[in-house]
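Pasting the structures in now, so scroll down.
What follows is chain A paired twice: with chain B in the first complex and chain C in the second.
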Partner chain A sequence: MAAIEVERLTYRYGSVTALRDLDFTVPDGALYALLGPNGSGKTTLLQILTGLRRARSGRAAVLGIDSAALSWRDRQRIGYIAEGQSLPGWMRLDQLEAYLAPLYETWDTALADDLRARFGLDPSRRISTLSRGEHMKAALLCALAPRPRLLLMDEPFTGMDAVVKDDLVRGLLESSGEEGWTILLCSHDIGELELLADWVGFLDAGAMRVSEPMDAFRERFKRVDVVLADPAYPLNGNVPDSWLGLERAGARVSFVLSHPEDGSIRRLVSAHLAAASRIDVRGASLREVFVALARGSSRPTDEDAAV
Partner chain B sequence: MLPFAVQIRPGESPYRQIVYAATKSIVSGDLAPGAAFPSVRELSQALKINPNTAQKVVAELVRTGMLEVYPGVGTVVAAGRRASAGERRSLLSDDVEQLVVDARRLGLNEADVLTAVSARWAELFGREVGVRAPGRASEPPPPPSRAHSRHAVGERRRA
Partner chain C sequence: MRPLSQVGHVLAKDVRQLSWSLLAYAALVALATTHVVTWPAMRRDIFDILTVFVVMAGMLVVAQFVQADSPVRVDALWASRPLAPWAVFLEKFVAAALIILALALIGQFIGLRTFDVPARMIPGLLAESARQYGLWLLIAMVIAGLTADLPSFVVALVALPIILLVVVETFFSSFDAGPAGSWTSIVLGVIAVLGGVALLAHVYRTRTSRRAIRIGAFAIAGCAFGSIVASWSGRPLAVEPAASLPHPSVSVAIAGLDQIASLRAIRLVVEVADAPESTRFSLGSPELLVHLRDGKELHVPALPAGANSIGVHSTPPGLGQDVTWIVPPGAPTQRFQYYPVPLDDAQRAAIAVGIASAELRGQMWVTTSRVKGMFPLEVGARVAHNATRIAIEHWSHSDGDVALQLRIASIPREQPPVSVVMSIGAMSGQEFALLNERRHEAIALAQRGSSGGGTPMVLPGANVEDRELLLALATPYPAGTRAALGGDWFRGARLVQVDWVPRGSYPFRTNVAIP
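Our next item is the complex of A and B:
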């Protein structure tokens, strides 16, 4: 059973289509990084998955259950941290934990204690006095203590310093244990996710452009750097649309392309760019692919060569 | 903190990079036979990598005989394992590739590179080791002690 299954999902805000015929699957046990530019529909998607919004058409199932029909018992098994998740500021952390614990049959007090110690949180502190990083750690503690089967996190790293990010990631890994729970994480913090995630999805204008295991993703996306013998060589008409995020500065051209076989890339590139005097190919980083997919096949004009 | 050093570069398979780094420190003796190797969980947390990647790394190192698993005890660096010259050479393949590509890019030829390597070798370890006939590397002399090479590098830096 897949942890998340979405089929032909469409959601509109008035006349604006936020999600368009969306299809994607998160396998059980995955740590799935959902990437996408601002406004691509990530938050809307998470709100549908948690049953906070109803889709116009299509189907979204979490842990095998229609997300529009989740019972209170189903919800116990789903953790959700919204972007900028608010917690009741007037409560102390120990009061908040004591308030939440009876609401979950699976609340693990020992895990809550571990995480509190790991995060360096003082249980007697009032929530409203916590720093931004401590506030996020408290939210993560509350989401992890019930040992959810599925954890959905919307931009948990935004605005966090490097030390807090480190703590959050280790906290996630600490409690992940061996039982194979599933995490879906939306983030702009690509560097943090590159090593953490084993699945990656790229949402763009409400449609899923990429959704696959990180290994396959790494194999196929290549970053190509070309030096042209002739700095005035025209790109228009020579470059296929499948070369993404094309950039040019004089004789230097770089782009990202999806191509699983290493060997034939040079031949392919020189077939299109006869003036190429040097072609370097290497694996593209997640950041490079993200930017290239977001820019798409928009082309620099040949006037850029003059820069 | 891990007992071996690894700096993971984006864009390349972290699995391969970590296996490479660990193998290098085991073959070079930096990680002594019998030394404890981090668990999957420790590896995952220390490097902030996916637990499945950490699992694959340990499985691969066990498969290649670098590590041994003792149930209930943990994973340790395999004892009495003497890497063949071929294995030791293959651990330099990435560096050699980089060197050759860079040299070519700078317009140098093979002889220029070999001369530069010999000269550097002589500086660090003396002439007698550096001039051994190439191609008969089946059983090269043991690497100079770490103290020796550190000393040589230190001397060089002060110079």
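Our next item is the complex of A and C:
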């Protein structure tokens, strides 16, 4: 059973369409990295998945249940951290834990203690006095302590230092593997996601451009660097739209291409760029694909050749 | 944790979160209650607005309760936690009812007890206070449910009555609660409560505040406002059927027709027979219908200048068997009354033709007196009796005259509609007398000045008429018997409060004798 199933999901804020005919699936036990530029609809999607918003059309199911019909019992199995998660600032951390713990049958006090110690959080401090990073750690603690089957996280690393982030990433990886948690994670911290995720999705202007296992993703997207014999060789009219994130600096041209075989890529590039004197192909990093997809098929002008 | 347990769990959290607000609110209620209990020790002009503060503070605290787990904020913590929406929704109502409302009702109850309000009256008065205050709290809950924070709640709360006023003025300019005020109030109140509960339940369940929801909230707040405002028109007076009222024999004659030109008025002579004791009769909206000799009719409002009614007959209130009024409330006998009816030039010219016949008609109102309470005649004495508290601040007597200054606060049992008060004017209300039971003698007092007015108690719904009165002898004390009115007479005397209560009315019509 898929942990998350989304079919033809559409959501509008007035006349603005935030999500458009969205289709994707997150398998049970996956650690799914959801990428997308600002305003692409990631937060709205997570809010729909947690039942905080109701879609106008389409269907979103989490753990086999329509997200709009999630009951309080179902929420026992779902952890959620919103971007800039609001926590009651007047409470001390230990009071917040004491408030939330009875709500969950699966609240793990030992895990909460462990996370608190690992995050270096003082239980007697008021939430309102925590720094931004500490605030997110507290939110993470509250989301993880119930040992949810599905964890939805929107920018959970915001404000965290590298050591804690690394610690948390390792913790999430362990938990995901050992406990069989499904994690859907939105973050701008692509480097961390590349370490964590075994599935990746790319949301752009409310549409899912990519949603596949990380292995297939790495296999499919290639970074191509071309050196042109003639630095003034014109690109306009020679480059197909499928070459994503095309960049040019003088004689050097680089782009990302979705293609399975390195050999056929060289032939393809040579066919379009007759002036190519050298073609390097390697697996694209998540960041390179993210940037390329975000820029889409926009083309540098030939004036860029002068750079 | 089961949803019912969640109600208590969230309530405990909210109480801890809002402990300072609750303490401030409790202090305000305690201050308002103390103001009532220690009456008249605290200055009235400062503390009269305490009720307004109590209501406003209650609305703010209730709004804080709702927004502590906002149904519309998408980042509200509760919404993504295993909390049943209806449990959170129910917790807000429990908090409003069991903490905010109940606390103020306890203060109101203590206040009513200090007025010695009869036990049978207390549930009704508390229910009315709970209804009115509950509607204010409901308005606050609905607005707070659809606003994200306290500042936007306050802005919406201030804007709402202004918008409502504009809407009512624009579309319902002829709106008048009128005599159907109590029914209007009940119907609007029921709509507001059912609508408010349904709307909040829906918003907590769906966490949406679409335009239709906001319009619904506006309509609900309007109904609640309407219900509160309509209830201020007063509880209807329990009037007796006309047949059970005393119908004395009233004969009317026109006197001094030859003096019309000089008096610029026609004089009516009214004679009443068979009128019971302790009763007053007044004719509201009196009209003199004159049939002229030339066949024409003349309708003349039969009202003396500046009056709303004709006081047809009045007898002193009964203070018990064998009590003699050594200073009566008015003229010794009122069997005959002379009323000048002003006439304008055209009316006088018409009457000059000659009167064939005439009749007087109007609505005869019957009021009877009842002794509301007797209080010791001591400076500084503060006595509560039968929903009234009296504090005598000063009294003196010399040369057969009496001067009495007192504060009196009372909770009216029933409130005659404005139209009745306008009709019978001075024939209703309260009067005072001094009674020496040992000597079976009474002295009528009349007001020489008064200040103050109506004010709510701790909560709206039970208005207190709080006045400072200056009283003196109603009529001059007969000079020849002045010796009887010495210190000895007053030592055994008590202050008596008499209420004149409208019993009902009947249409009145009688032929007027022409000389």
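Methods note: the second predicted complex is superposed on the first by the 297 of 307 C-alpha atoms of A that agree within 3 Å, B and C clash if a C-alpha of one lies under 4 Å from a C-alpha of the other, contacts with A are read in each partner's own complex, and residues count from 1 in each chain.
FYI, a contact is a pair of C-beta atoms (placed from the backbone, for glycine too) under 8 Å apart; a residue touches a chain by one contact, two chains touch by 3 or more.
Note that the structure is predicted; figures quoted are calculated from it, not measured.
Visitor: Thinking of the overlay built on chain A, is A:Arg218 touched by chain B (first), by chain C (second), by both, or by neither?
Guide: The answer is first: A:Arg218 touches chain B but not chain C.
Visitor: In the superposed arrangement, does A:Val227 touch chain B (first), chain C (second), both or neither?
Guide: neither
Visitor: Looking at A:Ala205, would you say it contacts chain B, chain C, both, or neither? Reply first, second, both or neither.
Guide: neither
Visitor: Between chain B (first) and chain C (second), which, if any, makes contact with A:Leu195: first, second, both or neither?
Guide: Only chain B; A:Leu195 stays clear of chain C.
Visitor: Touch check for A:Gly283: first (chain B), second (chain C), both, or neither?
Guide: first
Visitor: Touching A:Arg170 in the superposition: chain B (first), chain C (second), both, neither?
Guide: It touches chain B, and chain C stays clear.
Visitor: Under the stated touch criterion, which partner chain does A:Ile265 make contact with: chain B (first), chain C (second), both, or neither?
Guide: Once the two structures are laid over each other on A, A:Ile265 reaches no partner at all.
Visitor: One more residue to check, A:Thr50. First (chain B), second (chain C), both or neither?
Guide: Only chain C is touched by A:Thr50; chain B is not.
Visitor: Which chain A residues contact chain B in one complex and chain C in the other?
Guide: The answer is that chain A has no such residue.
Visitor: Quick one: which bits of chain A touch chain C in the complex? Just the residue numbers, please.
Guide: Interface residues on chain A, with respect to chain C: 47, 50-54, 71-76, 78, 80, 82, 84-88, 90-91, 95, 99-100, 102-104.
Visitor: Can you list the residues on chain C that touch chain A in the complex?
Guide: 1, 3, 6, 9, 13, 16-17, 68, 73-77, 79-85, 87, 206-208
Visitor: In their complex, what parts of chain A are in touch with chain B?
Guide: Contact set of chain A toward chain B: 31, 166, 169-170, 173-174, 176, 191-192, 194-198, 214-215, 218, 223, 278, 282-288.
Visitor: Can you tell me which positions in chain B touch chain A when the two form their complex?
Guide: Touch list, chain B to chain A: 8, 10-15, 41, 44-45, 47-53, 105.
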